Every structure is written in C-alpha cells, then in structure tokens.
Amino acid sequence: MAAFESYKDAYSNARMTRSDSGVLEIALHTSGGKLIFNGHTHEQFTDLFHQVGEDRDNRVVILTGTGDAFMDTIEPDGFDFFTPNGYDKIFREGRKILMNILDVDVPMIAALNGPVLLHSEYVLLCDVVLATPDTVFQDMPHAAFGIAPNDGIHLLWPEVIGSLRGRYFILTQQKLSAQEAKDLGVVNEIVPRPQLLARARALAAHIVQLPPLTSKYTRIGFTQRLRRVIDEGIGYGLALEGITAADVARQSSK
Amino acid sequence: MAAFESYKDAYSNARMTRSDSGVLEIALHTSGGKLIFNGHTHEQFTDLFHQVGEDRDNRVVILTGTGDAFMDTIEPDGFDFFTPNGYDKIFREGRKILMNILDVDVPMIAALNGPVLLHSEYVLLCDVVLATPDTVFQDMPHAAFGIAPNDGIHLLWPEVIGSLRGRYFILTQQKLSAQEAKDLGVVNEIVPRPQLLARARALAAHIVQLPPLTSKYTRIGFTQRLRRVIDEGIGYGLALEGITAADVARQSSK
Amino acid sequence: MAAFESYKDAYSNARMTRSDSGVLEIALHTSGGKLIFNGHTHEQFTDLFHQVGEDRDNRVVILTGTGDAFMDTIEPDGFDFFTPNGYDKIFREGRKILMNILDVDVPMIAALNGPVLLHSEYVLLCDVVLATPDTVFQDMPHAAFGIAPNDGIHLLWPEVIGSLRGRYFILTQQKLSAQEAKDLGVVNEIVPRPQLLARARALAAHIVQLPPLTSKYTRIGFTQRLRRVIDEGIGYGLALEGITAADVARQSSK
Amino acid sequence: MAAFESYKDAYSNARMTRSDSGVLEIALHTSGGKLIFNGHTHEQFTDLFHQVGEDRDNRVVILTGTGDAFMDTIEPDGFDFFTPNGYDKIFREGRKILMNILDVDVPMIAALNGPVLLHSEYVLLCDVVLATPDTVFQDMPHAAFGIAPNDGIHLLWPEVIGSLRGRYFILTQQKLSAQEAKDLGVVNEIVPRPQLLARARALAAHIVQLPPLTSKYTRIGFTQRLRRVIDEGIGYGLALEGITAADVARQSSK
Amino acid sequence: MAAFESYKDAYSNARMTRSDSGVLEIALHTSGGKLIFNGHTHEQFTDLFHQVGEDRDNRVVILTGTGDAFMDTIEPDGFDFFTPNGYDKIFREGRKILMNILDVDVPMIAALNGPVLLHSEYVLLCDVVLATPDTVFQDMPHAAFGIAPNDGIHLLWPEVIGSLRGRYFILTQQKLSAQEAKDLGVVNEIVPRPQLLARARALAAHIVQLPPLTSKYTRIGFTQRLRRVIDEGIGYGLALEGITAADVARQSSK
Amino acid sequence: MAAFESYKDAYSNARMTRSDSGVLEIALHTSGGKLIFNGHTHEQFTDLFHQVGEDRDNRVVILTGTGDAFMDTIEPDGFDFFTPNGYDKIFREGRKILMNILDVDVPMIAALNGPVLLHSEYVLLCDVVLATPDTVFQDMPHAAFGIAPNDGIHLLWPEVIGSLRGRYFILTQQKLSAQEAKDLGVVNEIVPRPQLLARARALAAHIVQLPPLTSKYTRIGFTQRLRRVIDEGIGYGLALEGITAADVARQSSK
C-alpha cells in the first residue's frame, strides 16, 4: 500500500500536498508553470492516478492546474502516434488512465484554473467541478491533428451534457464559456480565481467530515455506471483513433 | 389478482381512493398528517407498491403526500441499520421497493405537495412530476447519519439531471427549489398547492382515455431502461450503504 | 458497394444530390412538396438508409424536408397495423430503419425545415440538428391512433433530453418550440429558413476537411452507445406497439 | 413479512411443508396427483413464489412434483392466449413468475420426480437439480400449439447447456434423458425415485448449516447474472409469443 | 422487399434454390467446386445475407458448401489488409456480415460438407449444425497470417463451447473432429455425406410446418443475445485485428 | 513503464524468471515451498499482477505453484475480515486483483502443479490451463469459514462450466478431479508433473512466435467479455461476502 512520502515527489509534472485530514491536492504543471501536455505526461499521469488510488490515506482529491490554464497546450514530444507499436503505448495508457481515475475510491474535486482544451474527460470523471470565470472548454487537438476524438471525450461529453449537445460540441470544436458549461451541467460552481482553491478546500473539508468508508463508498456508488461507460467504449474508441493516426501519417508521407 | 377492496385499507400510512375510471390516488401520511418515514413505512410501502402493481384495474397512479411536505422527516423507529441481520431486512426491502414501483405497469404521476428531503428516488421513477412552488429537493438523511447515499438516489439523480449535476447534488446536500428542479428536468410543471391534485387528475384523465393496453405498454416502454439501471446498481449500492452503517455503529460504540 | 448513380433516383420520396466533396443531401418529399408519410415511405426509407450507408463515397449526410414541414402528416396508405402478418412488415422495417441510420458511418446533419410531428427519432440519430424558428416537435400520431409510442421515440427522447422530460414530452403530447428544443439540447442551432441549407452545407464542408477515416470513425465512436440503446429496446417496443394496434383494431371492430 | 401459516394452505396446487430448520418443500400437484398445468396454476404459482420469497424464515427451498411426472400436461383452462387483453394477463404473469423465483433469496433445489415437458425454465432457475432416472426434458407445448417458445425457455436453455445445443433442443423438440441432461449440465445428480427427497433434504441440511446470511447472499451472488438474462429478454420474448398466438387464433378462425 | 428472382443469380459464389415451401438452400462455391474464400467473396456474402434477410418469402435457410470442404482455403485476391483505407472496407464488411446473418429472421441450418478452417463464426450463428464425419474445425488463417483472430471467432467460440475451451481452441489452432465438436456442442448431428442435405431438408420441413411468424419469432428470440455479443465486440475486435495487419505489413516491408 | 529488474525480486511469495523471448514464469510459493495463502499474499499478488501488466516486455505469462499443490492452504495472518475497515482492504484488493489479471494484456497459461482449493478464479482468467493428474478443484475456504463465496468464484465457475454445474460445484463444495475438470472445460490438457513446465513453455514458445501486437490483441479480444463479467459483479459480490463475515464475527463473539 502506497505511503504518501514514497510518491509525492515522484512526478515531475504534478505538485502534491496533503493536509492532515487527508485532502490531497494535485497541481499539474510544467517546470512550475502552466502544464505542457506531451507523451511523457501521458505516461506519468497514468501511473500517478494509480498511486493516488492505492494510497488509503487519501480522503479527498483536489485536481487543479497551474498558471492561466488547466490544460491548453499539447506537444508531440514523447508521443509516437504513427506506428502500430508506438501507438500501442498510447493505447495502453489511454485505457488505463481513465480506469485509474475511476479506481480512485474517494471523492474528486476539479478546480479549473482556466481553459480546458484537451483531456477534458479527466475533469468529467471528477465528482465536483469548480471553474474560474475565464475557463473555457473545447476539444481542440483531435481536429487539429485530423484524428478521431475517441479517447473518452466521445463517451463522456454526451454522457454529461446530453447526446446531441455532446456530439455537436466535439464535431464543431465548439467553445463553451464557464457560464455555458454551468448551464449545461459540466461546471457546478463558477468561482473567482483568488477563491478557487479555498472553495475547493471548503468542499473537501465538508466531505472529509464523513466517516472514511462513507465518502469512499459514495464515490464507488457514483462510479459504477461510469466504469461501465469507459470500460465498454474506451478500447474500441482508441483503436479507431489509432487507425486514423496511422492514416494521417501515411497520407502525409506520400 | 388483487381487488382494490382487499388492500385499500391495509396500509396505515397510505390513504387510497380510486375513481371509476381507474385513477388510483395514494396519499402518504402519518395519522392523517404529514408522513413520518420510519422502518415500518419502509416495509409497508414495499408491499403497497407490489399490491398496486398486481391490481389490473388500476389505470393510472397519482402519488402524493399529506400536509406541508411530501417527505421530510425520518425517525429510527422500526429500523435496525446496525447489525447484519437487521440491515438484511432493509437490504431486501430497499431492493424490492424500487422494482415494485417499476412493476407498476401503468403511468405514474407524482404530485408533490412540498419538500422532498428523502427517498426522492420514488419520485424519479414516476413518469410525470408536478410540484408546488414551495417544493424543495435535497438528500438529507444519509449525510445526517453519516452513511452512504446508495439506496437508488445515487443511480437516479445522475440519470435524470446529468452525471455531474447529480453527483454534486448528493455530495453537497444541495437544496433545489421547485424552479431549479424544473430547470434541471426533475419537475415537469409547477402548480400552486390548491390546484395540485386537480392538475394531476386532469393529466390522469387524459391518459385514461387511451386504451388500457396502450397506456400500460407505454409505461413498460419507459421503464425498460430504468429497470436496468436499478437492477444493476441497487443491490451493490445498498450493500455498501449497510457496511457504512455498521461502521458508524461500531465507531459510536467505542 | 453501391455507386451513387445506381440509387440516386430510386426513391420516389427522396431527392438526392451529392457534391464533389461527397456531401449527400437527402430531401424527403411527396411529389416535390411536403412529405406525406405512409407505409410506402416507411418501406422506402428503410432501404434508402441502407443504400446510403453502403456507399463509401458519401462523406457527410444532410437530411432535410421539403415545403413547410419536415414531417407532420401521416396517412394509412400502405400500412397494415392490425393483423399479425401486416404488422410483421412494420416490425421488420421499424427495427431495420433505425439500425440502418446508425449504420451510416459518416456524420449526419439534420436540417429541419419546419415541424417534426412524427418519427422525430430519425432526427435524434443525426449528430447535428439545425432547425428553423418555426420548427416544433411533438409526438402526434401514436396518441391519435391510440397505440403505444414505442418505435424508438420512447428510447431516444429520454436519452437526449433526460428521463423525466422525455417521458412527459411523450405522455402529454407536449409541443416544443424550436427555442425550447434548443434549451433542452435537441436542437443545436436555430437558423432562418433561407439560410438553413447554407448553414448545413457550411458545417458539412468543415467536417469534410477531416480525413475520410477520421470523420467516419468519429461517427462510429458516437453511435456505439446509440446502437446499444436501439438494439436493446426497439424490438420489444415495436412488439408491444403492435399488440396495442391489434387491440385497437379489435375494439373498433366490435 | 409473510408468516408461513398465512400462506401454507393458500395454493390449491402446491403442498407445502417446512422443517424446523427452515427447509421449505413445495410439491406441485393437482388434487393430490400429478400436476395439470393450466391458466389457474400459472396465476397461482406467480403469487406462490412471491410469498415464498417474502418469508424470511425460509432457509432453503425444495421444489418437486407429485406422481410420475414433474410437469408433462397442460390444459387450456384459465388461459386466454388469443386476445390482446387475455394475453396481457399471461404476459404479466410470465414476466413476474421468473423474477419472483429469482427473488427467492435462498438456495433452491429442484427434485424432479419425472418428465419435465413444459416450463423447464423454472427448474433452470434453481441452484441444484436432482432427477430420477426416468426424468426426460423436452419443450413440448409451444410447437404443439404452434406458438413461439419465448417464455424463458429460449433464454435459459442456451444459457445452461450452450448456445447451439439450446437452440437445437428447442427447435427440434429434442427429448433429453436424465443421463443426457446430466452430461449437458442440466442435472447435477441422478437419484432413484425412492431416495429423491431424502437426497434433496440431505443437501438442504448441508446448506442450512451455513449462517442464514451466508446461504442467502450466496444465492444472490448466483442470481445476479440470471436476473439480467431474464429481465432483458423475457418481456420481448413473451410479447412476440403473444403475437404468434394471436396469429394462430386468426388463422384458425378463418 | 426483395423477390427471389431478383437476387438468386446475383452472387457468383453462391448457388441458390428455394422450395415451394420457402426453404432456401445456399451452396457456397467457386466455379461450381469448393469455395475459395477471398476479398470478393467477403464483399459478396455481406450483401447476400442482407438480401436473404430482406426477402420475406424465405422461411428457413440451409447453408452448405460444395465439394469436399465447407471452407478451407483463403486467397489474398481482393483483400487489402495492410493500409488503413483498404482495411476500412474489410472492417465495414466484417461488422455487417455478422449482423446481416443475425438479421435473417428465420431459422438457419448449417449443413457442413467438410472442413471449416475459416469463418466458422458464420456457422455458429446458425441455429442447427449438421456435419459430415470428416468435418473438422480449426481457426487457421489468423495465425498463418500472424494477425489477431478478432473477426467474431473470438466472441463466438467461447460463447458456444465455454470460455476456456474457446480460448484454447483459438490460441493453439486446435483441430476438432466432427465427434469432438459434437461433444463440445458445436455440432448437433453427424450425418454421412450422402444423407447430409436430405437430413437438413427434413429438419427444414419440420420447421416450415410451424406458422411463419412462429418460426420467425423463434429465431428472433434466439438471436437477441447473440446480437448483443456481436454488436458489443465485433467492431473493437476488427479494429485491433486491423492494427495487427498494419504491423505485419510494416515489419515485412522493413 | 516497469522494467523486469525493478520488480522481479520484489515479491517474497512469487519467484519470477523471464526467458529472452519474453516468457515470464511466476511460481507462487512460501519460503520456497508450497504457497500458504494469507492476507499478505493477497496484498502482494494484487500489486504483482499490476506490475506484470505494466511491463511491455512480457510476452506470455506462465503461472504455476510450488511443491505439491497450486493453492490449498489459507491462514488468517494479515486478514481482518471482521471489521468494516479491515474488510475494506480486502474489498479493494479483491476487486483490483481480478482486474489487474485482466489488465495483463498478453496470453496467460496456468500450469497447475496440484490441488486448487482456493482462488481458482485466478486460474479461470488465464487463457490456457494445464494440470497434473493429481490436480483437484474445490472451493474450500468459504464454506469452512461460513462466508459467502462471492470473490469471483461465483462469477467465473458458472461462466466457464455452465450455470447449473457452476452453482452446484460451489454450493456443495464439490471436488473435481483433473479428468472431470477437463471434461467440463476447465482444464485444457492433463500433463504429468515432470512434463508440466516443459509443456507450458512449448505452448508459450508457440505463442511467442506471433508478432507482439498480435498475441497481445488476441488476449484483449478474449478478455473483453470477462472484464464485463468481473467489473459488473465483483464489487457487489465482495460487499455481500464482507457482510457475511461481519455476521460470523458477531455470532461468534456472543
């Protein structure tokens, strides 16, 4: 069973602190500033959520970003989307990361400090979503790269905001403001940036007052359906996405 | 097959009348006033919905309360949450009551006469929900007792209002006004208290004009998915809730 | 594999054109004017969507109507709802048509030119829905004929707008204006009639810029869940609807 | 909660005794001899299994027959297969009886005293099956009446003996001897008639030694999957069977 | 609705005859002799089963081969397994062919005239399987080509013969004799070659005596579960198989 | 991504070696002799299978035991079955270990060196099962402790050998010899003890000749259904088992 000290400094793109009451804060970052997502963070975060889930001393998780965006930049470093073997690593991690988040058996609070232009599916697997007024949501990279958006985005957006709204959001690369996202049920509360973490901590403090098994089994109750959605759809989705990436590579190499 | 006379007076906490056209009204109450929910009503209502479902002369069901709340008070009388054998009775009834409601093969109209602070899942299994302006929704007792809210609340709120909204509602004991609930799709119409039952009866009268098999098979069409949601999740949810209750008992007895 | 020329003129109630980039427009009509839905169009459209799905040269599909309604009139010609053998044909086509729409492996855009009072389930299986300001939605014919609305309506409306909203919409024959439908997530954009097709084409042009496999596998990702919903529920629903039709026939022949 | 005395003599076609340890024996019969299955027993047994499931003092159930067959004769008395309303009663009971058997939350032992030519699906929902050497299995009545065998037979035989074996068994009205049935996994033990009940009681006595919750939750563990199989398929199956019955009636009345 | 004359001669690798009673015999062949499976037959059979399913005059289908094997030879002609676009055609057809077989709403009898070394999944979707004494089963081509056996083989063999037996059969390219296959429940009857078709016709004649809706709705009852198995697994399986094919191509081109 | 050196010596009850071709052999043991299963091994093996799954250099896994049994002894050391918090650890590990085995994305071969009296569900998740002639299968500990056998046993035995056979096996603590287990499809080959590992290695060598992605995606194809079975049933099963354990503790402390 993981002990916090053994992993708290193990992830170069995640700054972690934990309160005495067991509230774990994870701030994603790159060199202390805004996170630059790449193939290395994909691998790292897959393991990170596994470790967080294994540590029974975590009571609530707050997931936030650093700087002026939660996640808005992706770079190709560390990714090989374009060969079967290269993609196989992404395929494995892509399936595992969502299940690892769902295997975190304690309530999770997303505290969005700004735009979420990629991997918003991580957010949708949290149980409470707070966002600053300047937060916007979009699925940016798939259309930019010309590949299918089948890494969980396609499963969770229709699940959370409704089937037709979700499909339109993805297909048109719609931008949703914080207020629009709140109207559609993706954001629970809009909180000014200076109060964001304080509000997240207040909610966490409320939850932490429950007996440990109670908050844990509440999360398990919540995730039963989401596990099904992910487990039934994520492998197929990623396999198809991989084929589109191979096709992009092939067309561009002609 | 049940005949109305045989069960209409059998339930001390449910006043039942039926029109010539087959519209059954069930008004939950305690001694003629507002319902006090306890272990005895839990057992009683489980059997009540079974009987209602077995009676082929029921054509539409209107479910309402008495006094100034639909359901806002719970008392421990008749419940043993804290021993395995005691909880087993709750476990059986808790699984059965939701399936028994779903086994009512005719359209159901909830006419909410005020706050619904517990067992709102019964309401969500109805097909039409009318509410007075002062109706509020909250999941109050689970957090109050420190136990997991896994008696169907956790399955049906995310199903009806969306995944993130539903999880937030439960985890923060959010209070939703009638208008908020209407905006989120839990309430179909807000009706002033004096007109509440008249409006429910008007809708019932509309439905009752359909041929009996038609209204019945419409309900069956509606409940197919809900049966799945309940049957797949309710046993697991209640088993976990029971363990949290045992833990609460154990901690408090130290 | 179908070639466009072989089927483009094969359907007397569907006018089809295809752009060089592969955007297929299907305009439903009767004699060049507003579509009159009947048993012959039911059979015809079942085959139509099969052919459209088989033709790999289709890249995006725009589905629209003709005149001042998308679909608001149904006539009994060509339907035999009232004998087991007659209904069996409807039962077969009713199951197939929805799966055939889902087997169209490219994004589909509904461009609603006016009221949709029947078979709105075809629209809900599209990925983007545009509607003119005068578009209204209602499930009209089932209640009019006194039969159960179990041809997919009962599955898809609760799926798209929420469980209680969907059941109320069907049970009360609620009329939803374009704006209400947009608020509930059925319509993505309201577009004045003169700009309707231009807007649909602009969205199609945006999608067509994606590599062919990418747009196709995006659609497959979207439809995985909808296939489940339809395949699990449509046969049962239609069988029950058929029994209600037989009952109506029997009662009226007494 | 039911008390044994209140229902033990309530069913004219089921003789019930219960040991001090809670082993309930149900012997199906007609006037003390071999059961003649008809519409009245269909209704009666639906309620019987409900009552048995509600009585928490039952610890194990032994289900057996009387005379030289478990069930080999069906008579039309009390059935109306041929009108929508008449069939609706069968439809309701047919769905409920299988779920009511599955709602018996204690281990069930079938002690087959001879041929099972109809409703063998009741047997397959038991957890242990003992059979005399002269027991044979067949699905006789559906083909005899010319109607579809979709009352659960079609779900459970493929589930228990394999997909192709199950379909062949039903489609060809195959007769399986006790030994063949044992080889295929339908019968667990072949026991001479004089020892049949003694062996069933010995197994029940073994099970009854487990703590009550343990044997109960073992049964619940076993039935989780079977509930899914039945709940997903039985309504659709019976609706189709009803349509075939209506068709038979129509053809024969020409 | 298809009329037999319109398609009976449309498939160069399928010889079709139909009796007056509606028993359709399909004999797969190449130039009148043993079938050579290739990319063209894959496309052709996909459409063939669609047409057969659309023709309501078919009452029972007998599927057989020609010469001394049912299917034991595969040639690369007409297949492009190795580019994303080429594979996309196989992916589409591979998903459709199994659903098209399941959309044949009448009982299907496989009359196996010899070895089945490829596409045995077509056989497992039939309801009755007859085989000559020299019939053997094996999954040969996937291992031969070094690609994953995920075209339905991987779903249906574990479904029909048991999970561990099915996985071993595929992973070790086990050869099962007709007798072994009968012992495992894949073959229902072993019939000498000269009597093979006569026996299939006798069974078909037995089934054809049932009212048409009855035999049809029996098949629909049987296929409900198989549709689920296929629809949930076939797309994912084929996508993965396609990636392994791309990888094989890549390795061999190095 | 794990490297073999980093974990090969990390588990005191698992001796691991890996061939140059990537065949990983895991021999479970206690102090070099027959494994004594206890709470520490439960925790250890949960992590072990996670690590094995994460290491992409593993190509095939052989799972075997040491001494004269695969697993026949369980000791209470390290288990706390009897308090909610103690059981919560077992509950977490029990859910994770089966999913971790299923997350091993390469073919797994069980080489059973003798009796399997507990945790036979680990074996059933392997793809090939070899057993020595003296191997027997039984579910021993649950009945011995008086608790429900709901740790996966109850899901996988009915899945692998058939519903009624599986329930009888568990309910009666049936002992199956190697030959009986082979007849029922649990064992694929019976191999004398001296040849056991050689045969496992030969099969592994055969599989390892496939391209790495091919053998991997074959395993993924196989496990899709098993993941569903486990994920849907294991949490509920274990929660109920925990309640029975609490009840046993309570009764014995009276």
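By written order: A, B, C, D, E and F. Residues from 1 in each chain.
Heads up, the rule we're going with is that a contact is a pair of C-beta atoms (placed from the backbone, for glycine too) under 8 Å apart; a residue touches a chain by one contact, two chains touch by 3 or more.
Fair warning: this is a prediction, and the values are worked out from it, not measured in the lab.
Asker: Among all chains, whose Cα centre is located farthest from the one for chain E?
Answerer: B
Asker: Comparing centres built from CA atoms, which chain ends up most distant from chain A?
Answerer: When every chain centre is compared against chain A, the largest gap points to D.
Asker: Please identify which of D-E, C-E or A-E repeats the interface of D-F; the criterion is that more than half of the contact pairs agree.
Answerer: Comparing each option in D-E, C-E or A-E with D-F, the repeat is D-E.
Asker: Just give me the whole-number Å value for how far the CA centre of chain B lies from that of chain F.
Answerer: Measuring from centre to centre gives 43 Å for this pair.
Asker: Measure off the straight-line distance from the CA centroid of chain A to the CA centroid of chain F, and report it in whole Å.
Answerer: Centres of chain A and chain F (C-alpha means) sit 32 Å apart.
Asker: Taking each chain's centre as the mean of its CA atoms, how far is chain A from chain C in angstrom?
Answerer: Whole-Å distance between the two chain centres: 35.
Asker: In chain D, what residues contact two or more other chains?
Answerer: 84-85, 88, 161-162, 213, 220, 224, 232, 235-236, 240, 243-244, 247
Asker: Which two-chain combinations touch?
Answerer: Listed by label, chains in contact pair as A-B, A-C, A-E, A-F, B-C, B-D, B-F, C-D, C-E, D-E, D-F, E-F.
Asker: List the residues on chain A that touch chain E in their complex, please.
Answerer: 83-85, 87-88, 232, 235-236, 239-240, 242-244, 246-247, 250
Asker: Quick one: in the complex, what on chain C touches chain A?
Answerer: Touching chain A: residues 107, 124, 127-129, 159-162, 185-186, 188, 203, 206-207, 210-211, 213-214, 217-218, 220-222, 224-226 of chain C.
Asker: State the interface residues of chain F toward chain D in the complex, per the touch definition above.
Answerer: My answer: residues 143, 146-150, 154-155, 158, 161-165, 167-168, 170-172, 184, 229, 232-233, 236-237, 240-241, 243-244, 247-248, 251.
Asker: Could you list, by residue number, the parts of chain A that touch chain F in their complex?
Answerer: Residues of chain A touching chain F: 1, 43, 50, 56, 84-85, 88-89, 92, 96, 99, 103, 105, 212-213, 216, 220, 224, 227-228, 231-232, 235.
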